[in-house]
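Step one of this worksheet: look at the structure below.
Residue numbering begins at 1 within each chain, and the chains themselves are lettered A, B and C in the order written.
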Amino acid sequence: MPRPGFVLDVDRSTPPILTWHGEGFRLERLPADRSRVIYAPEPLAGLDDPDAAIWEALHQPRGDSPPLPDLLRAGMRLTIAFDDVSLPLPPMQGPDNRQRVIEAVLELAARAGVDDVVLICALALHRRMTESELRHAVGDRVYDSFAPHGLLLQHDAEDPDGLTHLGVTDRGEDVEINRRAAESDLIVYVNINLVAMDGGHKSVATGLASYRSLRHHHNVRTMRHSRSFMDQHNSELHSSNWRMGRLIRDAGIKVFQIETTLNNDAFPKPMAFLQKREWEWDLRDRAAYLATSAALRRTPPAAARSIFHSVKAPYEMTGVWAGEVEAVHAATTEAVYAQQLVPVEGQSDVAIFGVPYICPYNVNSIMNPILVMCMGLGYLFNLYRGKPIVRQGGVAILSHPTPWAFNPVHHPSYIDFFEEVLADTTDPIEIEKTYEERFANDEWYRHLYRTSHAYHGVHPFYMWYWGSHALEHLGDVIIVGGDPAAVRRLGFSPATTLADALEMAADTVGPSPTISHLHCPPIMLADVR
Amino acid sequence: MRALQVERSVTRFAAARAASGWRPGAGGKVGPLRLAEIDPPELPGPEWLRLRPRLAGICGSDLATVDARSSQWFEPIVTFPFVPGHEVVADTDDGRRVVVEPVLGCAVRGIDPPCPACAAGQARRCHRLTAGHLAPGLQTGFCADVGGGWSTGLVAHPAQLHEVPDAMADEAAVLVEPVACGLHGALAGPAPGDGLAVVIGAGTIGLAALAAITRFRPDIERTIVVAKHPVQRDHARRLGATTVVGAGEVRRAVRRTTGGWLLDNGQLTAGAGLVLDCVGSPASIADALAVARPGGTITLLGMPGHTTVDLTPLWQREIALAGAYAYGPEPSQQGRHSFDLAIELIDAAGLGSLLSATYTLERHAEAIAHAAEAGRRGAVKVAFDLRPGPRGPGRRR
Amino acid sequence: MTSLPGSTPPKRKVPVNLERLRDGGPAAWARAASRLRPRPSTFPFGPPTWPTSVPRPPLERHLGVAYDTSWARRPPARVARLLVTELLTTPAMRALARPEVRGLDRLASLDEPVVFAANHASHVDTPLVLSVLPEPWRHRTVVAGAADYFFDTRAKAAASALVIGAVPIERTRISRASTYQLQALLADRWSLVIFPEGGRSPDGWGRPHEPGAAWLAVRAGVAVVPLHIEGTRRVLPRGTSRPSPGRTTVTFGRPLRAGDGVDARALAVELEAAIAALADEATGDWYSARRRAAAGASPRLTGPDAVGAWRRSWALGPGGRSGRASAPAPGGRRWPKL
């Protein structure tokens, strides 16, 4: 029986706590009697027979949707859209949920005799996936059946001929999505709901949308009114997506949503110590920790990065639901909460976030300084429901080497954002006002996004907006162990050790501050009361 | 007379070369430069004057000499032993305060009739640097017969002297020569066509060129300046740079401004019409070739020395690569002399603040080390203070 | 905010008693220093410390009752244990506890595995009994050790199994697994030393017996030998770690057997009474003790009921709980009269 999440009050006999630090980790001793560590619930048991569960979900859909076989007929246009490489994190050991679901859907489509089937990777403004990434996501059988015929596509938000403008919501938001999807008789959307932010109407309304449409909710105002974006009922990001999703539905586009959830078993056996409570580390865990840290110290960063990025998570599917978008997503959200919620009492003055080597936007890539900010202040800070784990005016301490390094193929516009925009200002409003349009319309970025494997020119702005709620909420941000020049460019304070950082934090929040340490990954969601 | 002298000593040159490989400016300690008590230079001719230097700057070419990193090119056009120092503000015996235009052309050498270049007023291009009644030497400060600024006395021909306005401080006047250099380079290039200029390097020359662009080049609307050190960035912003970027960021900055593509090997599809390279290193020349637009011009203000660089873009894009050396009448400014323009520019742009520190001759090793690492140590120009009295040693601004 | 530890200032800033520091001399200073300076943790090289606020989970599967001790009854371990018993335990016990052994003659006619059931006051009890056991039981005996105490870590479990031949057993209620194991051992001609009180006496007085020993004997059809140990309480009382040499008496009782129709509960009562009688015998003379036993009036080992803690200690006589308050009065009573 997996144990629920747990909040440890740190006392003098508490061992040092594992803190992620990019491609590595440290054991940090926290001040006794005023610190707490928030541990994720243990992984729930996976489904015994995922394929049978998928089959059942397709035949017994949620909401007012007929079963999938009833929606399929010969001669129809069917589009299967699926989540991109940003999910799940780390990538899961095969077979991926998407492969299982897509194969089941295609099995039914084959029985119904559907000829016109196209698969679209719903990557919005993310980078295009590589062949090996696509093969991992959809499986070799699907890839080899569709890709050679040009039927396995990646969404192109800048294709002048590939988009359809469906209308404007009552709040004036343009809804423009992939033309092939819009003109299909049925869109089947296959998702992996890793965190509560994913899924629902966001799948189609964001994943298959254009920049023109996305900018209505990917902006500073929306993000500052999403508290947090992990809680769809208090998230302007989701309200906007829901308005768009309903407009898409009312425009007559049929979406059959299939959502899957995972447990949070993020690391394979040899690295199990990464998700264990430190005082329960046995001899093997300690040996694994010591061996890994010793090896990492001797490994060049690039090699360490490729080792970490080759790690595949032993995630297991915990649930699958299909049918009408909102009904499906209600069930999915509940399942995500069941795995991830940890009740936490009250806020603290300081929050410590160990930033790991991966975030949704650097799979097989470098976690550049902008992504460090996004991971720390965008994702980890927002892993809350109710209120943030750190109080208004408090301090966030991130732990990450934060090298001044970028992947020029994946993140070309990030480099310019870092060199030009952040050198000028770190204020999200100012950045949005002064720079966004030029980056969004830059021909070169557009070219790289469409033809290479680059994130869209505007994507670094979204990273910055993702953290804008935290920037507004916090009194200071300190990065432990980061490249000082890069950290200062981000507008944050560099510190060498956690002890230094805590002393610096005391300048902002007063002496002997209370401290929360989010022991993440594995992913959790702090339910702060 | 006390003077810093460069002697021809193979062992000292070798030692300087080795030491400066380890740390720039280390040649000041072990190299060919030494403080000596020498006889003042004799007056080469009746019209010549004796000068008593007040301040004498340390220039990049001086550092190259002291560190034994100068090009072999200079071998026949310098004479040993010489007293370096060509950025000089000095007093004449008749009580005038002057700056020295160090070029030793036909008029100074007593050659009559002058060579075609000197006849045209372009003494810096003189054909007879090795002839006449002076020993070979391209400038004051590289010639055995005339002395140099790093001493308490030198001789100069009246044609070399430019009077300093009374209102101008010595500390500003010592910058006239280097600012004239930068200014000349900034005025030398053609109109960029696209209104965009790139200045690579923000030492004294780079900043002077930037100030000159801001003041004298209305055809240039935007200037991207590559500055390595914070102090240089601050000056660059103050002197009118549109964008200031770090080393290694220039290609992206130019791409952002011109809207082209940056290809995999680092070349741009578009670029700037005029590029001023005020560094002269292989990397800076490669950057210049990468960011110059097809048909653009690169002006080399920095002394390049031996350089390995891929010139294919020069050919494929019809880029003009030109040097800009010294000073003279500036055609684009109605023939006004670079020195006069420099005096005006120093005053108007407040370039006097570029002088960061002064040293006595006795502390020359420290001075050389400071100058060699000026940017990193928050300085721009370092000079020797030769004025007698309590104002002297180690004064910093 | 208020719910977090540390949001209210701690009551005492310095975790040492300053008055004690003033009066206590170097020892108090050393103690204070160790409190102020947290002991350097060897984690992750050594095992982690356990946060005080987190309850310890039940033992891991392969430890505790589930610990397999069969390796300790194979020849190499038996030879090692024989050497330890003869070369270390027995001389040490002679020096430390100077045991006087009584009643061995009562076992003369016995040549079969038995259950030795003894009262329990000290860690010395086990080695003491092992050092005085006669043949044929001397090197074919296992000791029932509390699973939660002797078998909670791997190292402790291995050492217990090797040195004293311990087998894990629950303190209060014997599980099916350990019953089978012990029964099998008895059937395999191993004898068993067991302390029916289920643990060492907390205050010097005995504790009520658990029925396990008698029940096991009935199930296995073997005799129970009551055993009374006197004096170990003073050699190494519970709660101390430094023994002080003293005199002890080990009295073997007459083997008890469950007759036909006698159930385990009756045998347990009989066993408890027999040990009490042996205690009586150890402090006085045999016949008086027998008479009191026959009348059911042997002094109870569990001490007076329903009285204050101090009266229980008082009734225990000299050398109460701490064991060394004063030496026993010469010729004085070594077992209290109630």
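Going forward, a residue touches a chain if its C-beta (ideal position, glycine included) is under 8 Å from a C-beta of that chain, and two chains touch if they have at least 3 such contacts.
Since we're looking at a predicted model, the values are computed, not measured.
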Q) Hey, which chain ends up farthest from chain A, C-alpha centres compared? A) C
Q.
Taking the mean of each chain's Cα atoms, which chain ends up nearest the overall Cα mean?
A. A
Q | chain B-chain C separation of Cα centroids, rounded to whole Å | A | 94
Q. How many angstrom lie between the CA centroids of chain A and chain B, rounded to a whole number?
A. 55
Q: Please report how many Å separate the Cα centroid of chain A from that of chain C, as a whole number.
A: 58
Q: Could you check chain B for residues that touch two or more other chains and list them?
A: none
Q | Residue ranges of chain C in contact with chain A within the complex | A | 1-7, 10, 38, 41, 43-45, 47-54
Q) How about chain A: which of its residues touch chain C in the complex? A) 8-16, 27, 29, 33-36, 278-281, 283, 286, 289-290, 345-348, 391, 512, 514
(Q) Residue numbers of chain B touching chain A in their complex, please. (A) 243, 245-246, 249, 252-253, 255-256, 259-262
Q: Under the touch definition given earlier, write down the residues of chain A that touch chain B in their complex.
A: 412, 415-416, 419-420, 442-444, 447
